[in-house]
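Below you'll find a set of structures to go through.
Two complexes follow with chain A in common, the first pairing it with chain B and the second with chain C.
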Partner chain A sequence: MSGPLHKFDQPNSYIGRSVERPDASRLVEGEGCYVDDLQLPRMTHAAFVRSQYAHANIKSVNVDAARALAGVVAVFTAGEINAEVSPYVGTLTHLQGLRSPPQLPMADRVALWQGEPIVMVVAQSRAVAEDACEQVRVEYEPLDAMVSARQALDNDKARIHPELDSNTAWVKDVDAGDVSAAFSKSDVTVVERTFQFGRHTGVTVEPRSTVVEFNRSDNTLVFHYSGQAPHMMQAIIARHLDFPEENIRVIARDVGGSFGIKIHTYGDEIATAVAAKLLRRPVKFIADRLESFTTDIHARDHRIDGKIGIDREGKIVALEIDDLTGIGPYSMYPRTSAIECNQILNLTGAPYDIENYRARGTVVFQNKNMMCQYRAVGHPVAMAVCDSLLEEAASEIDMDVVEIRRRNLISDDAYPCTSASGMKFADLSHQKSLQRLVEMMRYDQLRKDQVELRKAGIYRGIGLVSMVEVTNPSPMFYGVGGAPISAQDGATVRLDAAGALHVSCSITESGQGTNTILAQIAAEVFGVDIKRVKVTTGDTAHVPYGGGTWASRGAGIGGESVLLASDALKSQVLEVAASILQTTPDTLQIERGVVVSSADGSEKISLDELGRIVYYRGNELPAGVNAELIATRHYKVSDFPFVFTNGAMAAQVEVDIETGFIKVLDFWVVEDCGRVINPKLVDEQIRGGVVQGIGGALYEECLYDDDGQYLNATMADYLVPMAGEMPDIHIEHVETPTSTSTLGAKGAGEAGTGGAPAAILNAVNDALRPLEASIFQMPMTPERVLNALRVS
Partner chain B sequence: MKAPDILYECPQTVAEAVALLSDDGRFCQPLAGGQSLMPMMHLRLAQPEVLIDLNALAELDFIEQVDDTIHVGSMVRYTTLLNSELIRRHVPLMSLSLPHVAHSAVRNRGTIGGSTALADPAAEMPAVLKALNAVIVAVSQSGPREISADDFFQGIYETALGDDELVHSIKFPAATDQQRFGFYELARRHGDYAMAGVAVSAQSINPYTGLRIIFFGVADQPLRATGAEAALEGSMFKDEPAILEAQNALPADEFTGDVGVSVDTKVQLAKVVLKRALLAM
Partner chain C sequence: MAQTQDIELVVNGETIQASVPVRTNLVDFLRDHVGLTGSHVGCEQGVCGACTLEVDGVAVRGCLMLAVQANGSQVTTIEGVSAKLVGRQLQRAFVEHNALQCGFCTPGMIASSIEYIEQGGASDRAAIREHLSGNYCRCTGYQSIVDAVVSVIDKGAAA
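Right, the complex of A and B next:
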């Protein structure tokens, strides 16, 4: 099948409607089951002694007093845990040249970042485990810490890994067209800026959480985890703890947010599995907030020199970026920590028609917590760099920022096409989205108001961004490079005797409403009331094999697999019905749980009656009818490496020039994620994403001092935007279904996070422009804004 | 982040509470609203051996007027203060400040005594107490004693309170008809501790007389700006040169920075909050 199914547009269909989430009341009423809710017989609790230094030799570890404490079940040194684990290496073959030394769960002889686990205590309660941690004596010999990326790059003598010849992990170059020639043309205005993006992290409401059960009699391990990729975890544990893969069951029940944080190999979680195996008792590890801030992966941390050239008509003639990023002491396993840099190189300038593009990315090791993929990997950086350069250039030639975009955005009839960095685009709508945005926000009126208010000393700014979002990745993302990460997903749909539909799918629910949209798709394609659809996700023992939830792929890939399976099951059911009714399948349809005549809609047989015949009274079936009321289908994207979503966004901010405080007054989004399955859920994904983007732009930063000590590891000190800081976020959709699937859905999970920082940065600089001040560093804290104003 | 095991006592009278507190052998800490102490215990920054829960002490939960004094028990919650007509009428500076203290969930538990005893330099209550020349009534087994707010707050989490003393109550002089009050704070997010804030009281504002200008969130304790007070004394309401002079007379050498916030920024913000508080009086 290919191309959009127009029946989705029918008024009483489920797809395209804001169906209420069946699981919402359960979660809101506190009936959810998160990992910490698990209480198993003989369960124990883990806590870790973590390195106090960013870089230190561990001279000695004394655990005697900890072992002697009442209530302590076991104390494991790094050596004891590591001995049970084969090393893992965070590289992928398609990221050519990326290197990272072998890694083990805990630090034995040398600690490479503050927070790296050194000793694990398992006790009858977490409190006792923490008491015991306080009794552990670690003797350190502090070493020089490479904290900033620049310091690590320049300081080849103080190497983080003595076995490597430098602190550089990866360098990548892109060079398309003739950038130097383009910049040197006489009619070209060149603008150069240096951008800095602070580290931030996902701050999930439910922290990283693991309970591991080991059953010795059959050598099986059950890994309960709050996470996004059960099959990937299964493969990783099998590989590195030397279990047969089929003996590991990974269960992710309700997940309290993930944002990409919970999709990596964390030493403490692997150690928890080891401890369960050694102790033959369930072990629970729940990261506390301090551990979350210091050990959940961080993201961003980029310093980018950017340069754009535009001609007199405002056409971009060339774009150049040089990205330096620090990733912590290792490349994270198995996704690697080079992906964010790679995305930035791939995506900077992607919405625009640019022939000449040059980019360099340099990824270096540091003595800080590891960096890896967090919601909208690379996007906020790529979009902010290009769109800020573009708006700066527009102001140089005195051109309106909407007009300059109109002149440069890829035109809506140019697809399919390929960008200078090699990205293949199809089914996008930049021009149309921009137009809708301008109308929705009443752009011209806002500009007039802005001028009036400036006369009264009120500095408002308007900033835009046109953006793309990488979604629905194919195997070209990870699998091609050797990672045990599946780009395909599967769904099984089963009709039971009562006429209800059971769907199991390999994507996961982490609070975003995945299970709801799967039910919508199954109910509509198969033809039952949505109340009669039960969805199971997040259990390797019960769902088909697949990738899980990341890179905005749930709806587009998992959803398509449910569509295909539901369609297949429908054919099977109609065949059975036809044989019972002694007619041919093509004369029948399924509507709201009843097989009807496709000619006149008259009811022929209800699904529960059909189910009862098949399951209980099979003798009534005509001879030779093999009734299979279950179907499984798998789906992956094959024509393109990724399916891109596009969007246009705008922010209006007010800058208090006396205090440097920034208030986001309004935010507008036009997004084209193809087929919108559930408008309410998509809108909330966008809103949540925008709020996370506001966080990155204005508030959130993981701060370290010069010695690599983490400074703000509480929710009082690491600021996430809350209700009081959220503007109204107005959303509209352009729907250009992707031609890669029947469903036509592209991803929608990350656009807000990817685009919002750029729009806000542009809005702030727009506000500051009359004062001849500017800022290119995120988060834009009051101090940084004041500094920008002091300089001007 | 789990607190270690501790002993828990829940006295029913103040006499019992101070008797428990006088235990020299064990480190005792009173528990009021728990909004600061509980997180500190879980972070293991506070490690009392005995927790003395004050929540059963009805004796400490009162707001009353005695002549020209408003007397507030230490266990009165912020929310109760916010809703109190007596406070609104006679201690208006407190009413101006309370909406800036955290969020309603925290205000429903947090107490004025807890905030006073804690002496967080970025908190609103200590600055308000100092601006109003309030008197803190401390109580121990040897009886009550009164400490002026000026003497009470001594540094980050440091007060004149003895280990065996409880904050019993706080006495505020009731506002006169001529008195005016100003309050302004800058917090990164709604409900956060202040980056910089100021509480101002004046015997009169046109002309300005008898000012007490107390900054919070800028130094190691609520910081009185006597130079700024002197610069304004005698000039007329909203007089721009006088306000500018006051802004330039801040005790900047006593300012301290925070993570990611320099002293220069603190000084700039303090100037702004002062001006805005003065203009809104």
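Right, the complex of A and C next:
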């Protein structure tokens, strides 16, 4: 490195400053460009006829009337689309034993979930395409639907895939230490609970949106993508539509929210690419809200038997979980649908010092929409199970919930260390974060108030969670298993003739502020005013190869690549400057766009003058000077499979025992995501995440009836958190930079969603405890709360 | 009934004449025919609020009103809100408070916030939250949006 990096901590550093987002000014003017905003010459619009049944043979399809309708450009049956696509399989070699049959974009002979596309109509407008869909006749032979995971597991005869010997997709066991012996010790209190987590979905306000252009002259395809991983999409289209990868350009402009929803292979989007190729004109497909609910991936849907043993001192002696989850008819390609279960097995109990841990995960197929990775994959389940068991156990032995955590959290000086499930931890601060949380929320005072209020018939509860979050994944996450998903990211930084900096990076922006933090890093490391940094992301034709933004990897991995590239460029620029000034590079520095003397700060040459010399008057450069004002660097995490962060959170709720309504009064977060690049952006990520987590805990659930019919596929029926129900959220930070990188940044995108449900669950049970009622099912709807009170 | 109908309306100060299919809703008309893509469509059912815009001084759901119903009206979309001081103040405050992430809900949020302020809404967090409860945002968690609206009211907005 050419510059002293401790300057990150100086007061004038761009790193650690709440710089405003340049993108935000554009978006408040209505000048964003989302996929549906594209209007291209000769563009057509797609709509799909989708299976009405969760499981049915498709006896016949008649598209004659649809084809005859004025304004219809083409009607494609499943067979016609599928013929253009090679099958894809949602397995990864490192998830040993995971199986999933080959999949194609549309259902030809049998439909396996309600919403699976059967016929594609392409027309001059979406309205006409929908008119034509109504003219399509599909004759179904309904079959028995395996809807619940339990039903699918137990019913060996009614198989979703006749070629498989059961409905089971994957089973994994973890067994560390001697769990049985630990549970059977005489001084051990054992607590067992069964937890149920409803199905959620992402509900991005912008639905899944795709426009595909095809140019026959040079066999190129442009995929306008509302998503997070352009290079992954490029590789998938190339592989399965048989294109040279370099002939595919994926462009993600503004993305109206993604949260993991828009990072998978959807049949309707692949069909859109096929249609563009067959029709040789642009095709637009924008999911409507019904399509979003029935086909955007779902997540959670776990049933877990949990068991914890603690000794008289409150020390955890053993933890055991058994997870059953249903993933729909296939494992989603290419990330697979076993990752959430795998994460739960990896992460349950991870904040605590536990020697004896046993876990089983069973993943089954069912006739429901597919499940896959959605924000905070597995975390809300893992954290809620362990921290609820812990608080239940604390109450059994009459110990305070803060005290029992103090006795069990891994101590801050114990790192690096490895958990019972094999997770490698470094640079965490559980104890310090808990202490900060207790002070911030004025825990002792809240407990006193709680007792007083109970006397007045007001049932308030306080719940905590200590959590870890998987961020900055290495190739061990997907790449090792054979998925076309890059774990490294790249950045190119170049200086133009006017002395401005241009950064292009393979991570993507969907509102987190990615482009802003990259500009902050480049401006700081290189030494220019941030206004002179222009950032490009989200276009495979213009950015280095890389993974994109998911699993909270943007700042930590993409940010580090920009840091390295900026530093390399700085070295080059200083060499050029030194040759012009006839001195040595180590006597020079770059500050605010000017090359200065490192001894006394006196100005030597401005970057715009240097740019003009290099680009316009190269003859003035001494012979042999290689003035390449551009540098590219790539970065991946190599010493650890993931870089973990930690946090501590707490909620205060009030339960109305007459109506079952839960009001979240307060929420507190202490987060340690390493070096904070932009405090405001990080805090807003966390707040948004907490609210998503509260949604999962209290309101959100994809409901199906016994026949696999989706019941609440509108935004009026699938409840999401709105402004009126949400509290203000207080956030503080502990900063333990990761030692895996120079920047020291870890991710923060999953924290709120991963931790909030556990805190809310604990708070509700804390409120209900004097009434001897309890609830272990999410979402905790008023009806379920009232049922819990009735049982007691 | 005729399939199309001629309409004339004023959008962000500009007179627009068009022949529109009678079934086209206002937000689709503005996006697809007028080229004002700032108003967004999230649900087409009047629930998410992303399509909220101003018609004759009232905040309406652009997906619940037909284009032909706006015949003769004055329409303001996000592209035109900066003509008003309160619009400019809110745009600035949204940026300052980072009251948007992906920005997809933002045009509707700003339209609803303008309505609240113009109706003389108080600088009261709970009341603002209540008023904005017809606008869904998946990214922000709402707090920063409330902060932005409060800051504009506290500074003394002028309509």
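Quick notes on this one:
The rule is simple: the second predicted complex is superposed on the first by the 787 of 792 C-alpha atoms of A that agree within 3 Å, B and C clash if a C-alpha of one lies under 4 Å from a C-alpha of the other, contacts with A are read in each partner's own complex, and residues count from 1 in each chain.
The rule we apply is simple: contacts are C-beta pairs under 8 Å (C-beta built on N, C-alpha and C of every residue); 3 or more make two chains touch, one makes a residue touch a chain.
Everything quoted here is computed from the prediction, not taken from an experiment.
Applying the stated contact rule after C-alpha superposition, one finds that A:719 touches chain B and leaves chain C untouched. When the shared chain is aligned, no partner comes close enough to touch A:83: not chain B, not chain C. Judged by the touch definition given at the top, the superposed model places A:181 against neither chain B nor chain C.
Comparing chain B with chain C, the partner in contact with more residues of chain A is C.
After overlaying the two complexes on the shared chain, residue contacts for A:127 are found with chain B and with chain C alike.
Of the two partner chains, chain B is the only one that A:703 touches; chain C does not reach it. Once the two complexes are laid over each other on the shared chain, residue contacts for A:414 go to neither chain B nor chain C. When the two complexes are overlaid on their common chain A, residue A:36 makes contact with chain C while staying clear of chain B.
Once the two complexes are laid over each other on the shared chain, residue contacts for A:289 go to chain B and to chain C alike. The interface of chain A with chain B overlaps its interface with chain C at residues 127, 288-289, 714, 716, 722, 724-725. On chain B, the positions that touch chain A within their shared complex are 1-5, 43-44, 186, 188-193, 195, 259-262, 265, 268-269, 272.
By the touch rule above, chain A contacts chain B in their complex via residues 125-127, 130-131, 134, 288-290, 658-661, 699, 701, 703, 711-712, 714, 716-717, 719, 721-722, 724-725, 781-783, 786. Interface residues of chain A facing chain C in the complex, by the touch rule stated above, are 20-21, 23-25, 27-34, 36-37, 39, 127, 202-207, 254-257, 259, 288-289, 510-513, 680-681, 684-685, 687-692, 714-716, 720, 722-726, 728-729, 752.
For chain C in complex with chain A, the residues that touch the partner chain are 21, 23-24, 31-32, 35-45, 47-48, 50, 77-79, 82, 90-91, 94-96, 98, 100-107, 110, 125-126, 128-130, 132-146.
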